[in-house]
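This is the structure, below, for whatever I ask next.
Lettered A, B, C, D and E in written order, each chain numbered from 1.
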Amino acid sequence: MIKRLLLVAATLALLIPVTACAPAEAETIKIGCILDLSGDLAPMGARMLDGAKLAVEEINAAGGVLGKQVELVAEDGKTDPAAGLDRVKKLIEIDGVQVIAGPMISGSSKLAIPYAKEHKVPLITMSATAFELSELEGTEWFFRACLMDDAQGRVLADVIMDKGYTRVASIVLDNLYGKGVEKALIEGLEEGGWQGEVVVTVHYDEAKKDYRTELGQIKDSNPDVVLIVSYADDGIIVFKQALEMGLDSIAWLGCDGNYGSGLFKEPRSAEFMEKAIVAGTRTVGSGSTYDEFVAKYTEEFGEAPEIYCDTTYDAVWAAAKAIEAAGVYDGVAIRTALTKLEFEGASGPISFNEKGDRASGSFELWKVVKDPTTETGYKNVRIKLVTLE
Amino acid sequence: MVNWAQVIFNSGVTGSLYLIGAVGLTLTYGLSKFPNFAHAEFMTLGAYIGYFVAEQLGLGLPLALLVAFLIAGLVGVLCYRGIFQPLAKRGASIIHLMVASIALGFILRHSIGAAWTWKPLYFTATWSAFDAGPLRITGLWLWLIFAALVLSLAMHFLLMNTKIGKAIRASSSNPELALASGINVDRVIWITWFIGAGLAAVAGIFRGADTQIWPMTGWDIILPIFAVAILGGIGNFYGAIAAAFIIGLAENIGVVGLIALGLSTTYRTGIAFLILIITLIVRPQGLAMLFRRA
Amino acid sequence: MEDALLRIREVSKHFGGVYAVNGVSLDITHGGVCGLVGPNGSGKTTLFNTILGLHRPDQGEIYFHGECINNLAPHQIYELGLVNAFQLPRLFYDLSVLDNMLVAARGHQGDRLFNSLFLRRRWQEQEKGLIEEALDILELVELDKWVSSPAGELSGGQRKLLEVARGLMAKPTLLLLDEPAAGINPVLGKKIFQKLADFSHNGITFFVVEHRLEILFEFASWVYVMDKGRIAIAGQPQNIIGDPTFYTIYLGEE
Amino acid sequence: MDPLLYVFDLIVFIGIFGIVSLSLNLEFGFAGLANFGKVAFFLIGAYTYALLSQIGLPFYLCLIAGGLISAIFGLLVSLPALRLRADYLAIAVLAFGEILRLIVKSEDWLAGGDWGITVSSAISLAGASHRVDALVNIALVYFCLFICFTVAQLLANSPYGRAMRAIREDEIAAETLGKSRAKFKAQALMLGSAMAGVAGGLYAQYLHCVLPGMFMPMITFTVWIMVLLGGPANNWGALLGAALVEIFDRGTNIVKDYFVLPIDPSNLQYILFGALIIFVLLYRPHGLLKESSIKTKALRLAYNGRRSIKNKRS
Amino acid sequence: MDPIFVAEDINAGYGDVIIVQGVSIQLAEGETVAIVGPNGSGKSTLIKSFLGFARLFQGSVFYQGKDITGIASNRAVSLGIGYVPQINNVFLNLTTAENLDMGAYHRKGKASIKAGMAEIYDMFPELEARKNGLAGNLSGGERQMLAIARAMMAQPKVLFLDEPLASLSPKPASAILSKMENIRESGTAIIIVEQNVKKALSVSNRGYVLVNGTCAIEGDAASLFAEDSSKQRYLGLEAKKD
């Protein structure tokens, strides 16, 4: 018994000093980063981490911040809000991080915002798009390098009304993102006095990946436009099966989640998008920063960036620029700097409003065309630029 | 108007995949007497090996199926001999074996994640869709149904007409008498694990070709597959065939019902779980009594 | 026989077409040791399990103290004072010998959830008494040295003894014993029966299946002989020994 | 930066999962019930707490209600549980947990759907420092843990616990010795679920929110590992297991920053975790601590006092 | 004539319980030997211990002069030792023919198995009629025949039968006995464990009487129970001589 207790005590003794040890005077500037590297969203998280790494590389190549090199402390949020919160705590309390790029998902953000506020560490999310987050107490500590769902939904609602569609179907991810865009779209339609009906809504589980009957139901309800809200990996499956089920004769509306050449690596998915998607949305900047980012990313990691790689890249850059602007590695100063920050990121011009949301409202409407010069044979092109006030 | 013919055809596709996945599970469950949750990871592993052979080495899908079958089978046997057999010999309870299989699942899943990253991979082979009457069909779906059919016939032949197949059935129903008949029951169990894990790999490749491959490929469908194995009666291959199509039908008709009722289609995942729970409560032996021979 | 302790009338139990027990009627009166013998497969254990409520009889009635117990659950039958000791000891192997005994105590106040949490006084006093009783019985069966060891550490014979002792612990009116002397040495076997005889003076009646006929016949006051699911003969031991049918049942027919 | 605060946070988590671990230990360790749907009851407690605190009930009532409602579900689950084999029960309850999660995820009107429900702090002291806040939480959690532990210990060391263990060892024998397995199993599941429900309430309170994503099956597996690692049928073992698993999770996560690893640390953590479990099952199948013996007052007196035992044993 | 099977000074049981103590038996080629005794006397345990189904604490087992003590159960079959358990002795979910197939698991060559099958059907015409039916649907007597037939498919030189007559009504029991005669004529030596002493001895050359785990009497089948006292001793009712 005593032996056993000693064993246990030894185990504890091994772990606790590590927990409690305080690092010496920092030689680098730490930027925390929370991405979901395991669990349901692990594929996205893995790519977004590449975006963050690219940003850090560039920052350091440009001389770092405050004369020091930047160190990225990446943590795995496990696609579990509780784990995400734990990683925030770890970054703040153990690593002494003063600014965090993340969390990735809205759930983790919801848990993390109050903590960030109390501990005066700003969070810059790259992909938590739920508009409800702006209503939380402490949202002034929460900045978004991504645009919110409702803006996007309204842009799409305008497209529907412009084109005069009257029978809308939707197939959206069953999470805050998918349902958020769908809800905003319907609100936008109602506010715009749209005369039509939503014929069928499907909230799909991204793990199921067998959507034939769901798509068949959409087909059978005879809509004239279908809204899809997906990320890249599950979008590919939906598009592929939609093509197989013969839904390419209906007009589809896409969103930022299915923008990018990543969706073209599955030829069926590319073919479907080219045939069916009449318009998709995404945020844009004025210059060529996105194309430069894509080029660098592709060169570095051998594949094209997908959704939120650019915003992750921008979030890390925003953190670095804010530290530089603050002149001191301190959460409060960084937050103040962030509120005044303005720069041209990969995903467009970045500045934050008083709630910490991205102020820019520049969207482009895109579609997919064939382009034999690209590796996949397809590319996205802009149809129109939309600016929300 | 609901295109019922399509719904039923879709059920066949869903059911075929579940069947291929469930056969190995039900056989090993029947013989080793514990539910192997790492079966999910055998599927995932198979899918990755298949991808490696078909896409990275460019040797085509048929060879990929074969190689994945063999390698995953081998991994299955090694896992059984390295973990489950020693545990069983030490008198581990069914719960311990089950937890061990979950732990093995962690190891395999994250080893795969470390080896191939968590980014999904896609088979490039494509099959075009065509209309056949009211149906939309693609070549892959036909292949999947065909594979399930061939598998059923092959397993039927194996279990009914070969020595080892009969020995599998014999050992599953009465291990002591099997020993007394001179059957090396340990070897029969290894062979069953080989076949079971190999078939899991085949299911993984089909799932991968139909959708995508990532480290959770197997875990995504393991609970419906458990539902099939249990509804069919543990260890009962013929029950599993019926159960796979019952669950396929229930899921796809369920989607139609859910949409008609205005409920979230996410519940589709829950339909198989619900059948699972009801089977266990009402009729834990599953459909086994209908198919006594297996 | 209205005063019979256990009254069995035309009880049958079959499994898949095979009648294990086929129309058995018998009576056990108060006091003493009553034996049940017969070759393997003659239905003795099935009859016991049916009495205990582990099987439900297909036909017939079982009365205990004049009350029909056909449809009672085993634990209810136990509460009436009809207790059993299994042939192959079914002990709680991870529990100590003393705990095995205490599980069997009838009417323990601490068996209730509420009492175990909130009325600890009530049963702690009771348990002291029970422990004394248990130790007395364990002393009788010479297991008092192993009081605090797990039952799993006992040898085969000791397990057998504990199984019997556990039955006694319940202070039953009728104790069914399935082969109490099997698997232990003859001297000890005889000793067990000696103890049983002593206990029967305290008002416990024993209904015993036993293959050690020489021991059983020494202590039993009445013996039923079962063959092929029926009671073939019944009587006092000396009459049974003298009955040629008895040998035919055991040695078989040519 | 305040490492101590992180240690406090760890202590809170150990407390909350210690309660869940105790509850599973009660069900599995003592009563032998393979509850692979632990997270379902954790979820019920958390959501009950969140929903009731939203309508303004004081936190202690929310906690109690969370326990009670969870207990009612435990009782409902126990009805089929009596008839099911261990593995079937495990799979059935696992599926039950997933269905519950789907319901809270999909039914926005019921439980906020994916956005979940925000919960305010149970006790907030004006102007208190973070450390004091954390200590308040520790006090609250460990008060509940203390009650649950006391209940679990009282049960374990009582004739009731003895009967429960007897049923675990041999249902039939226990039944013929007057222990109604239906009653005991139902009560064990009820009590276990009540504890898990209270823990769920504490979890909701501490994290200030409930979300469907917080209740994945992984929670169940983690709790199982806590119990198997610490030692089933030993309440100290359940706590030890909870502490070790939580420390392992955070410890490895911190340690990873100090090493250059050839593979992704997130994957490595799971691989190590899996290997650890298999190692424990192979080489310490009874966990780190052995099953605790039953200690009632009378038994202690008997073992210490009765001369006859002492004499004969020496 | 050399004995084909010898067991010397066997102590056997289960777990750590010793049931059989110091029993020695031997069997000559082509001979039938009955091991009889009341229940609990350890006769089944004795033969199970030869084949690894019960624990052998002490003693040695020889087959054809080779020491096979502690042999793996499935290896014994390939050496030519057949065993028919008392219960669960057929594969219920296999057909009659498949059961026989399993018996021939170690036999090489399809033709030889087919020939063996034909021989068996010659010996057990009752089984041929039901060869494609599930064993689970056979009657008690038929099952017992199938169990023996399954063991015979391995062409054993020694066959252990564990209470083949238990719970059979007289007619199928005598059918089984006559099959045993046939088996003996085919040259296979048999050890039969049986409670129905008289029937067992009627087909045996010699007999051993086990009482309470030890061998109480042994001798010629015909004279074993000639006296009344031996009947009483069989039931343990007479004090032992030692």
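The criterion applied here is as follows: a contact is a pair of C-beta atoms (placed from the backbone, for glycine too) under 8 Å apart; a residue touches a chain by one contact, two chains touch by 3 or more.
What you are looking at is a predicted structure, and each value in this text was computed from that prediction instead of being measured.
If you apply the touch rule, which chains end up adjacent to both chain B and chain E?
Chains touching both chain B and chain E: none.
Would you say A-B or C-D is joined by more C-beta pairs in contact?
Looking at C-D and A-B side by side, C-D shows more C-beta contacts.
If you take the mean of the Cα atoms for each chain, which one ends up farthest from chain C?
A
Measuring from the mean C-alpha position of chain C to the mean C-alpha position of chain D, what distance in angstrom results?
41
Mind checking the centre-to-centre distance between chain A and chain D? Centres are C-alpha means, answer in whole Å.
Whole-Å distance between the two chain centres: 35.
Find the geometric centre of each of chain B and chain C from their Cα atoms only, then give the gap between the two centres in Å, rounded to an integer.
Once rounded, the distance between the two centres reads 49 Å.
Residues touching two or more other chains, restricted to chain B: which are they?
Within chain B, the residues that touch at least two other chains are 110, 113, 264, 266, 269.
Residues of chain D touching 2+ other chains?
In chain D, residues 105-106, 264, 266-267, 270 touch at least two other chains, as defined above.
Which residue numbers or ranges of chain E touch two or more of the other chains?
Residue numbers touching two or more other chains: none in chain E.
Okay, what are all the chain pairs that touch?
A-B, A-D, B-D, B-E, C-D, C-E
Of all residues in chain B, which touch chain D in the complex?
Per the stated touch rule, the residues are 34-35, 83, 86-87, 90-96, 98-100, 102-107, 109-111, 113-114, 223, 226-227, 230, 263-264, 266-267, 269-270, 273-274, 276-277, 280-281, 284.
Could you pull out which chain A residues touch chain D in their complex?
Touch residues, chain A against chain D: 4, 7-8, 11-12, 15-16, 18-22, 37-39, 73, 75-76, 78-82, 85-87, 89-90, 92-96, 105-107, 110-111, 114, 118-119, 130, 132, 136, 174-176, 179, 203.
Which residues, counting only chain B, touch chain A once they are in their complex?
So the residues of chain B touching chain A come out as 1-3, 6-7, 10-11, 13-14, 17, 110, 113, 117-120, 122, 124, 126, 129, 131, 136, 138, 141, 207, 210-212, 214-216, 220, 251-252, 255-256, 259, 264-266, 268-269.
Under the definition above, what is the set of chain D residues touching chain C in their complex?
Against chain C, the touching part of chain D is residues 151, 154-155, 158-163, 165-166, 169-170, 172-180, 187, 191, 233, 291, 293-294, 296-299, 301-303, 306, 308-309, 312-313.
Considering the complex alone, what residue numbers of chain C touch chain D?
52, 54, 73-75, 77-79, 83-84, 86, 90-96, 98-99, 102-106, 108-113, 115-117, 120, 123-125, 127-128, 130-131, 135, 139, 144-145, 147-148, 166, 170
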